[in-house]
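In what comes next, subunit A is part of two complexes: it sits with subunit B in the first one and with subunit C in the second one.
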Partner chain A sequence: MTATAGYGQALDLITRVGGVRGAMLVSAEDGIVVAEQLMEGIKGAAVAALAASLSTRLRRAMEAAGVGASLFWHLQAEQGALLVVPTPNGILVVAVAEPDVNVGLVRLELLRAAEVVG
Partner chain B sequence: MSTRAVEAWTLEPLVKFVKEAGARLVLVMTSAGQVLAQHGFSRAMDVMSAAALGAAIMASTDEIARQMQQPPFAALNHQGERHGIFLAGVMTGRGRLIALVAYDLGASSLGLVQLFFEQLATDLQAASPKDSVPKQVLAADFERELSDSLNTLFGR
Partner chain C sequence: MADEIKKLSSQLAQDPDSLVFLRLGELLRLKGQFDAAHRVAVTGLERHPHLADAHDLYARILADKHDYERAFDEWDMALRVAPTHVGALKGLAFLYFKIGDVEQAAAHLEAAQRAAPDDPGVAHPAPLAPVEESPAPSAQPLDEARVFAGLEGAEEGLLLLDASGRVLGGALKNSQGQDVTDAVAAYLAGVSQEAARTTKLLGLGKWTGVAAEGRLGHVHLTAPTGDALLLVVRDRAVPMGRLAIIAQRAAGAARRWLEAHG
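Entry: the complex of A and B
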């Protein structure tokens, strides 16, 4: 299986969860999209750039706090949620979801996808 | 860091872009390298060098595209260890302009610069004077024009 086909399958696992509007693989350093499966209307480039920017700042804050590397983060907003798992090779596995999504299930699939990618 | 413009309509879009994208240095110039606005430069010599080099890079990539029988490339990114350079063209009522953006990888990213560059392009298109004929800078006036522009860009 090619890397890109593997990435597609990894994203499939996430988007199958009810309430997930889209999933993406994002370069943490560059903030650009590596692969994506998004519902219409979601601005992939904007989500990728902002998720990577937030991830960089979070990493620095966690290093400063001496709590080690981030394994999963969940940003809850009024009209949706952003769930992210960073991988050791510098890729962020990102899910954009409805506000009432089953966070535990999405987290599980993000971690599985991160194993495929990382 | 100061942001200054030779042509006032470029100032507001540039200030907004710098704030949002976290850019360190920005030049907005014509394809010939004539600077319309700058952010972050402290020396006139640096502006002149960066403008000349940026315009030359764009001219080179335009020629490569022409030889490949393709439309001009939209943007070019060159990333180093700590900094990145993003160079892109934008069509405005003032003609085709070039934006040269240098960003710190610790404070920004290619994704952020690309994202907010789209907004900069839209804002410059909207703010640019419509149906204006690009002013020709004659050889005899070149030095005076350059000197006037640099004085404006550095508040002299």
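Entry: the complex of A and C
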């Protein structure tokens, strides 16, 4: 299986969850989209850059606070959410979701996708 | 029941990530072994912090132990994770009955009925006796000088910043007891604006919080006002739902303090 096909399958795991509007793999270092499955209208490149920036700040703050690197983070908003799992090899697995999404289920699928991505 | 408890305990020992802790915790609770049920539920929650059923189980155990405030927090968290979770809706209805808020109790039961119309426990809820006093804690007077006075973790796990990362109140210490306030504050400068830009780009409206799991602890960020940022840090033993509740209470204190000192 090629890496690209593997990435597609990883994103499929996430987008199958009800209430998920899209999923992306993002390079944590430079905020570039590695792979994406997004509903129309979502600006993937911009979201990727901001997710990477937020993730970096959070990771540094959490390490400084002594709670270790982030395993999962969840940006909550009035009309939706961004859910992110950073992988050890520098990829962020990102989901964009509706506000009433089952966060636990999305988290599980993000973690599963992160294992596929490596 | 004893055989099943033994079997489930063995399964859980072999596979600590297994979801059998839900059934095991419930059986122990039904048997009246609340301390053992409590341990199983807390360990399960540490491994599955976003599982609504785990919060529901923990809440039922806490309610059995008459720890109604924390039970409320756990059922509230279950609903944040799964907004139509029937167990949590029924649990909250029970607690609202207990404090005499019949209107809220009825609203939660109706929501449970809509989510599970065939559930006999929802269609015919058991009558609940009113209680003499509310379990809700009394409000703490706000200390003029310290923003988080009276709140749990005020001097080592709560931090209030302005938009530029300047510390307005609270303090953070790491597990070795070292003060890490300024280092953490520096990294968080600008997070509020970035969170706002991200949610705007995605058409998600106003951001309300960032919850994050770390290897050794959890953090919750929220914006008590447009310019300020509040950070709550706790170790992994504190469930994410409880952290959100602590953040909510601290945000209220921060808003009052900012209004008084702004």
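Definition applied: the second predicted complex is superposed on the first by the 118 of 118 C-alpha atoms of A that agree within 3 Å, B and C clash if a C-alpha of one lies under 4 Å from a C-alpha of the other, contacts with A are read in each partner's own complex, and residues count from 1 in each chain.
The working rule: contacts are C-beta pairs under 8 Å (C-beta built on N, C-alpha and C of every residue); 3 or more make two chains touch, one makes a residue touch a chain.
Since the structure is predicted, the reported quantities are computational estimates derived from the model, not experimental observations.
Enquirer: Do subunit B and subunit C fit side by side on subunit A after the overlay, or clash?
Expert: In the arrangement built by aligning on subunit A, the partners subunit C and subunit B fit side by side.
Enquirer: Taking the superposition as given, does A:30 touch the first partner, subunit B, the second, subunit C, both, or neither?
Expert: Only subunit B is touched by A:30; subunit C is not.
Enquirer: For A:58, decide between first (touching subunit B), second (touching subunit C), both and neither.
Expert: It touches subunit C, and subunit B stays clear.
Enquirer: Is A:74 touching the first partner subunit B, the second partner subunit C, both, or neither of them?
Expert: In the superposition, A:74 touches subunit C alone.
Enquirer: Quick check on the superposed pair: does A:104 touch subunit B, subunit C, both, or neither? Answer first, second, both or neither.
Expert: second
Enquirer: After superposition on the shared chain, which partner residues are touched by A:46: those of subunit B (first), subunit C (second), both, or neither?
Expert: It touches subunit B and subunit C both.
Enquirer: For A:82, using the defined touch cut-off, is the partner it touches subunit B, subunit C, both, or neither? Pick first, second, both or neither.
Expert: It touches subunit C, and subunit B stays clear.
Enquirer: Among the partners subunit B and subunit C, which is in contact with a greater number of residues of subunit A?
Expert: More residues of subunit A are touched by C.
Enquirer: Could you give the angle made at the Cα centre of subunit A by the lines to the Cα centres of subunit B and subunit C, to the nearest 10°?
Expert: After superposition on chain A, the angle is 120 degrees.
Enquirer: Shortest C-alpha to C-alpha distance from subunit B to subunit C once the two structures are superposed, in angstrom?
Expert: After superposing on chain A, subunit B and subunit C come no closer than 9 Å at C-alpha.
Enquirer: Per the definitions at the top, what is the overlap between the subunit A residues touching subunit B and those touching subunit C?
Expert: Residues 46, 50, 53 of subunit A touch both subunit B and subunit C.
Enquirer: Quick check on the complex: what are the subunit C residues that touch subunit A?
Expert: By the definition above, subunit C touches subunit A via 48, 50-52, 80-83, 172, 174-176, 180, 183-184, 187-188, 190-191, 194-195, 197-199, 201-219, 231, 233, 235.
Enquirer: For a test of understanding, state which residues of subunit B touch subunit A in their complex under the given definition.
Expert: 79, 105-106, 108-112, 114-115
Enquirer: Mind listing the subunit A positions that touch subunit C in their complex?
Expert: So the residues of subunit A touching subunit C come out as 41-43, 46-47, 50-51, 53-54, 57-58, 60-62, 64-82, 96, 99-100, 102-104, 107-108.
Enquirer: Under the stated contact criterion, what part of subunit A meets subunit B in this complex?
Expert: Against subunit B, subunit A makes touches at 26-27, 29-32, 45-46, 48-50, 52-53, 56.
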